[in-house]
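Chains here go by letter, A, B and C, matching the order in which they are written, and residues are numbered from 1 within each.
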Amino acid sequence: MEATTKQVERYAHGLRIARRVMARPELGAVAGLVLVFAIFSLVAGNRGFLTREGTLNYLEVAAQLGLVTVPVALLMIAGEFDLSVGAMVGASGVLLAILVTKYGWPLWAALLVTLGVAMLLGYINGYLVIRTGLPSFIITLGTMFVLRGATLGFTRLLTGVTVVSGVSAEVGSNSLVKAFTGTPWGVPASIFWWLIVTLAATWVLQRTPFGNWIFGSGGDPVAARNVGVPVARVKIALFMATSTSAALLAMIQVLRYGSADVLRGTSLEFQAIAASVIGGTLLTGGYGSAVGAALGALIFGMVSQGIFFTGINTDWFQVFLGAMLVGAVLFNRFVRRWAASEAH
Amino acid sequence: MGSQAIMEVDRVSKYFGSVTALQEVSMRVAAGEVMCLLGDNGAGKSTLIKILSGVHQPDEGRLLLDGQEVRLGSPRDALSKGIATVYQDLAVVPLMSITRNFFLGREPTKGFGPIRWFDFRYADRVAREELEKIGISIRDPSQPVGTLSGGERQSLAIARAIHFGARVLLLDEPTSALGVREAEIVLRYIVQARQRGVGIVFITHNVHHAYAVGDRFTILNRGRSMGTYTRREVDPAQLEAMMSGGEEMARVSAELERLRSLQQ
Amino acid sequence: MKKRKLYGILCLIAVLVLAGCGGGVSGTPSAISTTITSSTNTPASQPSTGKSRSNIRIVVVTHGTAADPFWSVVKRGVDDAAKEMGVKVEYRAPETFDMVKMSQLIDAAVASKPDGLVVSIPDADALRDSITKAVQAGIPVVSINSGADVSKQFGALVHIGQSEFEAGVGAGEQMKKAGVTSALCINHEVGNVGLDQRCDGFKKGLGGNVKVVGVEVSNPTDAQNKIKTAIAQNPGINGILTLGPLGSTPTLAALGSGGPNDKIKLATFDLSPDVLQAIADGKMLFAIDQQQYLQGYLPIVFLTKYAEYQVIPTGQVMTGPAFVTKENAARVIELSKQGIR
């Protein structure tokens, strides 16, 4: 009798742990990732997908998307959207490039100013959302257009072109540049930046009071405010984080490819949102994961580059992507419901 | 029970543009007492609670805490002075765990210097203990709070407020969205809280719930107070009549005044 | 619910595997297009050394967006050569003029270890890394269309295209002969160094006053209005040079609305059905044919021979400028309808 009860207890405990693991928002993304990797390895393994170059290729694409996706996911968990991140990439890029090429600024100064402007614009986004009470979807859609237009206007005004090149020649190749463009152990720097951002974000989200405030602000902002959570400050801080990550991506791209383009980052905002959703973040807020968002970006990268290794007609790329998105979200919901229903 | 009042509003009025939400309303609540605030929809109960909790400031009149006049600039301000509010639907965040909900806004931390992180060990333990105290036993405090029933959630919110040192508890229609059994759980806990010495303002439009736990009753009607009565002075039917206003109200109100003056 | 999910996933895998096995020719001009052309004829002679043709795989990465009719002629050249040589070719391009994406496409191509790589180089700085990596990996690289000045430096074996500057000079001289003294140069893809060189050459060849106007062509009505505005802001111009069909189409529309604009002489780079018709109708002086069909055709032939016998021309193979005027327009229109010019 003793033995059986112990066994049952252990089994129940194990089940509880299993259920806890299953209830995590990242599960959908992990399953999706395994599936995608399996498919591509099977179909394209010997065509370059499983080689070092092939792997670095899709990891780099994933990293560039992931840098922005993770902060966007955090903002979504807090209940808001930032549709202006793509425009922010374009704007920061040309700002940096123009300061360095046209005005001959030293790189460190140009980087600092670009960072500052990004944080300011993020603050403005947040302030407008809080002050007007309008949905952030609308506000940031507006700031997206304003920013794109301003970027185009100013760039043409100052340089006469919409692509600002010649950055590599101006900045040379010192250690500051290498921080963005280097390849330690052959791995592009952007991948390291992505890992750092993901680790920092998940630590803040899961292990600090601020992270608790993010969940609260998204889950129920009024309840949160009533117990003293500074919801407005949390949201503004996150808007600043998304803008800054966009600027960071722009810096990496401008220094790596030597030029800035006013159109860079087009549709990045939607890719980031989609990747966040694949990673388990709810569109309605209050639930999600930074690691999941990073995995979502990884899936995106793997799919968009992996498809070139298969030789499949890439017309089907969007079909596959859409199917993945819906499939991952359904899987996620199914798992969460099952985990929640077995509580008593 | 008539000890010194913890919290008092003295002839407060509040206007929103041309609308008069409250007109010269006075009310007191003492420690270890349940003051029921009654009134039909639109009577001004919500506005009064918002003034008591720091969301609004009165246009006229005073707010007193322990006999001293105070000004509550924000809900955080009120919270820091020991005034906690529990709203009807908006008390807890369903998608978050019990522990996270319990400590939302007041998370315990541990760490070195400026690097601090959420102390989950401590938080899980305390959350479980506090819930045990009000008779809710949970297996795992990190399970989503949505797995608790409605009544349990409201009780969690109240337990949370008391744990963090609330001296005055403002309950805005806590039972209005609950079924009979769930409402009972909450009412029982309100009595427990009263016994611990907390002063409670219990807003409701359900006279029976009010009468079950209330020591004194204030009726609001279209922004004005119709008077404050003790348990001995009124019965549920009279309360109901006064709440609805009109002739019935006038009649009952007059009769009670007469009775009172007789006793003097 | 669980079973349905599993079933759905299995179906998805099945679809993908089938799609992959299918291969075959895809003629749809899509955003990012990949074409696989498998060999249909067995070659007459098997080479004694080198690879057999059906095993040869070449990847083409260009900056040519799907919307640009110029590049579908290039792709036609690629497809024809692939068929005639009996080799496998994959054609890729980013959806918009995006150097980041193009660089990533080249990297992916390199990782798949093709027998040859064909690239256009519209931005040397951005693509330097990826192309040199390809050369270092031992992949034979041929550059086309743009980047003539950096081609050899990057390690490409040969460049096939048109010297943009010289072509611009030619255009200028022709317009000068026709009496133009003051002109606009309309750039529809700002950032493409090749186009800048065309305008520079034009300035030199014309000898007169030339103003460069940048126009975004994602929205044709918008482009048309911008051009009308530019004309209005520069009274006294009597000539306009556009640098491609994306620029010439809105300009034709802007000029065609009658009025004082009719006296402005128009010429363009590269062909399109409206351009050819305009020349035949006398609305346009001439068009410079880059003969981009050859920019698609020749690299495939060269790389096939290189894979077989390690032979390849060096330096630059000039595919243009060839001038299409009223005299030869008719014949060219015929070929244009077939997507060859």
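One rule holds for everything that comes next: a contact is a pair of C-beta atoms (placed from the backbone, for glycine too) under 8 Å apart; a residue touches a chain by one contact, two chains touch by 3 or more.
What you see is a predicted model, and the numbers here were worked out from it, not measured in a lab.
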| item | value |
| --- | --- |
| Arrangement of touching chains [line / ring / star / complete / other] | line |
| Pair of chains with maximal C-beta contact number | A-C |
| Centre-most chain, if every chain is reduced to its averaged C-alpha atoms | A |
| Intercentroid distance (Cα basis), subunit B paired with subunit A, Å | 43 |
| Whole-Å gap separating subunit A and subunit C, where each centre is the average of the chain's CA atoms | 34 |
| Centre-to-centre distance between subunit C and subunit B (centres being mean Cα positions), rounded to whole Å | 74 |
| In subunit C, residues with contacts to at least two other chains | none |
| In the complex, subunit A residues that touch subunit C | 35, 39, 42-43, 47-48, 51, 53-54, 56-58, 60-61, 64, 156, 160-163, 165-169, 253, 256-259, 261, 263-264, 266, 305, 308-317, 320, 323, 327, 330-331, 334 |
| Touching residues on subunit B, where the partner in the complex is subunit A | 53, 75-76, 79, 85, 87, 90-96, 100, 103-107, 109, 116-118, 139-140, 142-144, 146-147, 160 |
| Residue ranges of subunit C in contact with subunit A within the complex | 1-2, 5, 8-9, 12-13, 16-17, 19-20, 23, 26, 28, 30, 32-34, 36, 90, 92, 96-100, 103-105, 107-113, 123, 125-126, 128-129, 137, 190-191, 212, 214, 216 |
| Residues of subunit A defined as touching subunit B within the complex | 16, 20, 203, 207-209, 211-213, 215-216, 219-220, 222-230, 282, 286-287, 340, 343-344 |
